[in-house]
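Same chain, two partners: chain A is paired with chain B first, then with chain C.
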Partner chain A sequence: MILDQIRRLPTWARWASFATLGILVLTLVQELGQNETSHLTAMTTSQTALKWSIPILLAGLGGLFAERAGIINIGLEGMMILGTWFGAWGAFNFGPYSGILIGIIGGAIGGLIHAIATVGFGVDHIISGVAINILGPFAARFLSSEIFTGYQGGSVTQSPRVESVDKFTMPFLAGGYDTPNFLKWLGDKDIPILSDTGNIFRGVMTQTSWATIIALLLVPLSAWILWRTRFGLRVRISGEDPWAGESQGVNVYRYKFIAVMISGGLAGFGGAFITIEMSSIYQEGGTTGRGFIGLAALIFGNWRPGGILAAALLFGFPYALQFGDFDGFASHALLLVNAIALFGVTVWAIRKSKHADAAIAFVLGALSAIWYFVADTVPDWWVKILPYVIVIVVLIFFAQRLRMPAANGQIYRRGQT
Partner chain B sequence: MKNETIRRIMLALAAPFAAVVFATIASSIFLLIAGSNPFTAYGDMFEYGSRLEIQVDILNRATPLYISGVAAAIGFRMNLFNIGVEGQYRLAAIVAAYVGASVSLPGVLHVGLILLVAMLVGGAYSGVAGVLKVTRGVNEVISTIMLNAIAISGLIAWLVREWQAGGSVDATATNVGIGTEPIDESGLIPNINSWLEIFTRDIGKGKELTGVFLVAIAVGILYHILINRTRFGFDLRATGINPFSARVGGVSDKKMVLGAMVLSGVVAGLVGMAEIAKLGRFNPNFVGGLGFAGIAVALLGRNHPGGIAIGALLFAFLDTASGVLQVTGSASREIVFIMQGIILLAAVIAYEVVQRFRIREEARLASALLEGEAQ
Partner chain C sequence: MVPAIELKGITKRFPGVLANDNVNLTVEEGEIHAVCGENGAGKSTLMKILYGMQPADEGTMNLFGEPHTFNSPNEAIDAGIGMVHQHFMLANQLTVLENVILGAEPTKQGGLIDFDTASKHLEEVGKAYGLTVDPFDLVESLEVGERQRVEIIKVLFRGAKILIFDEPTAVLVPQEVEELFRNMRELKANGATIIFIDHKLEEVLEIADTITVLRQGKTVATVKPADVSATDLAELMVGSELPTPQITDAKISDTIGITLDNVTVLDEDERPIVDAVSLEIRQGEILGIAGVEGNGQRELVGAILGTQKISDGSIFLMGDDISNKSVRSRRENGLGYIPQDRQEEGLLLTAPLWENAALGHQTAKPFSGGWNQWFIDREGSRSQTERIRREFDVRTPNVDVSAHALSGGNQQKLIVGREMVSEPSVLVASHPTRGIDVGAQASVWEQIRQARSNGLATLLISADLDELIGLSDVIVVMFRGRIVAQLNPSEITPRSLGAYMTGATSEENPA
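The block that comes next holds the complex of A and B.
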């Protein structure tokens, strides 16, 4: 079967195959439907999808560092909120680049609190995380009332407008720096799969913020740090078997502390990204639960950087589709994509003799397909909740196949078993 | 023996007391940095909070907080984290408001039906997370967070338009006048001002003490009985303390997870009832955030029925009494958010420290006894 062969390929080729498969399905759906759904693979869609994926990706990477060190970080949302506030404050006073840096520091403060509670005092990770999720918005509210209300255009719930960082367009491929625009040429040709691919890549390479590029580079960087450096090895032993680590002379507390602060910093980066790159202002409730989605991306990505990126793109896509999809046809076509994916899961489950999984996937897929054929559009609320539904459906099938760090969530006290 | 009891109570109170003191000091520092006088601010709040009418407001605020706290505590008791109270109570409120408005029944039955519907909807929605956990191994923290988002930005956004009084409206309509059909007078839980006025002077300024206050008390008593006096409660606590030995003892953890999850949702369904009794309908401005506040209150009260009540009253006092700060201008009212956040975090840490102290103490006592026997 194709999937088994894909699994044997090297990593880069495997991901490329999955991406191709995804584009193939998106093109196929466009050919099948009666409505105009080129929005699915339009350049603006991939551009927006990438942007919407970044905060989820950063929150997910944040979760990765904490959970690889054995600390569950459900407080990502609260740290992200601190990031949105500090990002806005920094960007307003010192410019967008400093804004991102200050946002990272804001999130890291949240991480420090979580580390003090969980590592220092041994508080249950979920309880501490929930407390930080409650503290984060409260702190932002207080700070706004003290500081933003004094600014022109600021209030208790929002900051003045802030600038975003510079943009980059790829030369030769997407026509940056007045070079030829190869992908535009390809996209205009209207060749079924090739042009769609061209549009998608043109979207992610055109007017891409440097913050986005840095965030994407953090994926291989995280992988390298965690799996190729001495520091990473020590972080991971703290999450897999802290007692063994301690017996080898690793200061487990220290690595857990650092990892959770990195975790908070990455979530803060995600928050600052929302403020500086997406909404251009700090808005109360502006994270809209993306810290939690990042946590879901971490789980779906099986606690690995590449998986988290894939999950973030998957969850970011339906968000992006809402924009510019005025007739709702593209979001409607997504039902067919869902159905195809679920039927794919059905086939996979039958081959693995998982009959319950196959039955559930088939029923869900059939429902999705029926909805696609009886309705012409989908209501706007369906599009809004789609990322959350995808998270649940994905977990229904794969929750038991995932492997988290062995000592994740356990309260570790030095010298005690 | 008596000394021992006093000592135990003192130890139990030490943590929350330390947390409140710490939070007060920390907030005072924040106030000083912001250029306000903390003593004036606290003085204003206490003076304002000592008025009867404001105390009624505090009880009205504490009522849903308490119910929400109990809902969260039921799960916490067995290390099951129902983060989904927020979505459960809002969904329950809109369905209950719709059903309540579409029937006309005599008083008690009407109120009973609305409460029943709310509990059923809350329980069913939290049950989804329970089923996902026991059949598919989906972590309840993630699933309830997702179900929150699905309920709030999906189901409720849809239902509130679908059930709009006088026909549905389109998405762009303003919020004014939006809401479900009003519920008949017979379906609204009456206020219990007359009960309170037995002890106090007449309540002025048109303030009403919500009748749901009595529901909250009933919930608290039932929660106490359930946890401490029933087989289910025993199994629940046993699973929370040590799931493995509980399983060896014949407790089906799947049943317990499902049972605790559904029960938590059933209680969560009642959270919105005070607001429904006040408004007589569900509208898009329906009170939010009670689910998360309830988690805070449950953590503060250590999942103990009395502790949750103290936590709910404390948070309700801060929420309500801070209103005066806007009038007197002695500090920004948002300082209470900081206070609540710090109290919560400090309490959680203090409990852990006291707990560890207690274990050490017991170990020392035991070894002292053993040594005594050896001699």
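The block that comes next holds the complex of A and C.
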């Protein structure tokens, strides 16, 4: 069985195989589906999907640092909102790069509040997080009314337009810096699968923001920090067994504190990214709950950076698909992709002897497939709700396989067991 | 020779308790020094002081002749003291190596952990002391004995010369205990000094070079194992005062209140923590269970109550098989319960007394009413609570104050009252007088005695041997999950009981 073969490969190859499998399914659906569409594997789709994944990825990585240190950070959304506001303010006054930095600081302030409450005072993590989610939007609105209303084009709900950071196009592969454009050549050849793959890669390598690249680099960097450094080990012991850490002289409070600040900073980066890279403007409610989706990505990614990236891309894809899908055929085709994925889950569940799971997955897959074959187009809410549907479905089938840090969410007080 | 550790006049007070009272302890370099005593004798407190987890109120500490005071475990570690905790201080999802190096990670530039150096060092330490374990295994994949080895390596890795073992055998099976003792002798041969906390006498006699006995926070003796027998040690541990005799009239009926037939409970590691226990308590009889804490009493109570799953055997309440019944149906069918920790298990501290009085009886009149007893009867509950307050002398202004406003003794009287007014046929009383004042204690005893003459079958668990001997009609001793002896309270003393409890004697009947 192909899945077993994949499991024996090293991690990077395994991820690559899953990605290949995904591209294969997309291509086949496109080639063999009812309606001709090229939008699923179009260059613009992958380009947009990557961009839409970044805030989710950053929120997820933010959650990773906090929860690896044992602090549940449901306040990511609020910290992200602070990031959107501070990002806009910074970008308007000092340019986009400073804007991102100031957005990170804004988010980190939210993290600081959460750290003081949960680590310092032993407040329940959920209560503190919810408080920050309430505080974030109101702080942003207050600051807007104090500051943005004084700017040309600003108001209580939005900032003036801000600049984006510079873009990068890969030389030779995607034709950056006046070099030949290999992937465009490949895409134009119209070879099944190969050309589609080429288009997908061309999308992510063309006009990519440096902020996106930095965010992507944070994935291996986070893994390196958490699993290779002394700091990371001490953060992880704080989330696994803080009492053991303390008994060996680790200042658990300090590491929890720092980790929650980093968490807020990353969420703030995500917020600033929304403002500076996506909407070019601060807008009230601009995060649209992506802090929470980031938390879902953290869970789906099993508290690991690579998994969070995969989840972010998966959740970001349906968002991107809505843009430029004027005939709705791509959204429609996504139903078949969905059905195939669910049938895949069915096979997996049968092999694991989880018969109830297999039945549920099969029924959902069948419904998806029937819908695909009966209808020619789908209503536009379908793609809009898809990220949330994916979250729920994933949690239904894989929740038992997930493992959060052992002492995650527990209120830790030094000297008490 | 300068002793490795010299503790002089250590005194430690907690609110209302004198945990250590002028304790003196001298440990020579390179010896295995056992510290034994009953639960609550002050062993753990003394070790926490030595390891810097708690400061002493009075007294001095010398290590190799140098005076020291520790404010944190880190300072104790730096001074060469390591603690092998009874409850392992290990993170399951981390590797052995990560657990060991934590707090003293060898690093390269940039805070990058030097895993090669670390694992080499770990293997050297392991080899030097004959302890082997794979550094890259996840801790969760290890057996209990292996985890303990990791704990020991962890301490040695930090360069400890003095090792404190806090009841290390409590979690081990006999073969693992042998392995541990081999390791300890190896450590000693390599020049380590070991303090060994235990209350299992045969183990202490086997491994120790010197034994110090604590009782009620005081050092009562320091002896050599060759000079004492297990019975002598037991006597030193529990003291030899005679119990205050309680006059009990024998009106035991023939009806059996509760029967336990070969009840076995397994712990998380699938080891029997209650091992094939069979008991019968008749109406009007009090059966006392003696035993050092942690020998399965708590789990036995859980099995009877229905909070612990029994893996084998069956339980009958007034002749009905309740082995698979829910806690609620057991309670509704006449099982009363006085929990050992009234604040954790017995009460909702922030709820008013009348709600507390309904706990465990919330499905019965007068606490509930209406269709199928679905609704809370506030008036009924209040008047019932008033009745408990009157009859059981619960000192409180009214029944609407919250439970934490009451003193420990009054809290306990409320619990006893709530169980008694529901007229159970069987009562499980776990440490019913622990930590309450003498007046409340006498009143609780009186209530239990009275219920007995009214035909209640009572299972009494207590660490207070005088209480056990005074109240019980029969005493059984639990040791390592088994009933090791059945005794007649009129023929025994706390001293002989202590010998059974620590496993020093285990014949079915004493001479």
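Just so it is clear, the second predicted complex is superposed on the first by the 417 of 417 C-alpha atoms of A that agree within 3 Å, B and C clash if a C-alpha of one lies under 4 Å from a C-alpha of the other, contacts with A are read in each partner's own complex, and residues count from 1 in each chain.
By our rule, a residue touches a chain if its C-beta (ideal position, glycine included) is under 8 Å from a C-beta of that chain, and two chains touch if they have at least 3 such contacts.
Quantities reported herein were computed from a predicted structural model and do not represent experimental measurements.
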Considering only touches as defined above, state whether A:R403 meets chain B (first), chain C (second), both or neither.
second
Of chain B and chain C, the partner touching more residues of chain A is B
Taking the superposition as given, does A:V391 touch the first partner, chain B, the second, chain C, both, or neither?
first
Of the partners chain B and chain C, which touch A:L233 in the superposed model: first, second, both, neither?
second
Taking the superposition on A as described, I'd like to know which of chain B and chain C A:N133 touches: first, second, both or neither.
first
Which holds for A:G249: it touches chain B only (first), chain C only (second), both, or neither?
second
With both complexes superposed on chain A, which partner does A:Q152 reach: first (chain B), second (chain C), both or neither?
neither
Okay, in this complex, where on chain A does chain C touch?
228-231, 233-234, 236-237, 240-241, 243-250, 403, 405-406, 415
Across the complex, what residues on chain C touch chain A?
53, 72-74, 77, 83, 85, 89-94, 98-99, 101-105, 107, 110-113, 154, 158
Chain B partner, complex, touching residues on chain A are 74, 113, 116-117, 121-123, 126-128, 130-135, 137-139, 141-142, 144-146, 156, 289, 292, 295-296, 299, 379-382, 384-385, 388-389, 391-392, 395-397, 399-400
Looking at the complex, which residues from chain B come into contact with chain A?
30, 34, 81, 83, 132, 136-139, 141-143, 145-150, 153-155, 157-158, 171, 292-293, 295-296, 299, 332-335, 337-338, 340-342, 344-345, 348-349, 352-353, 356
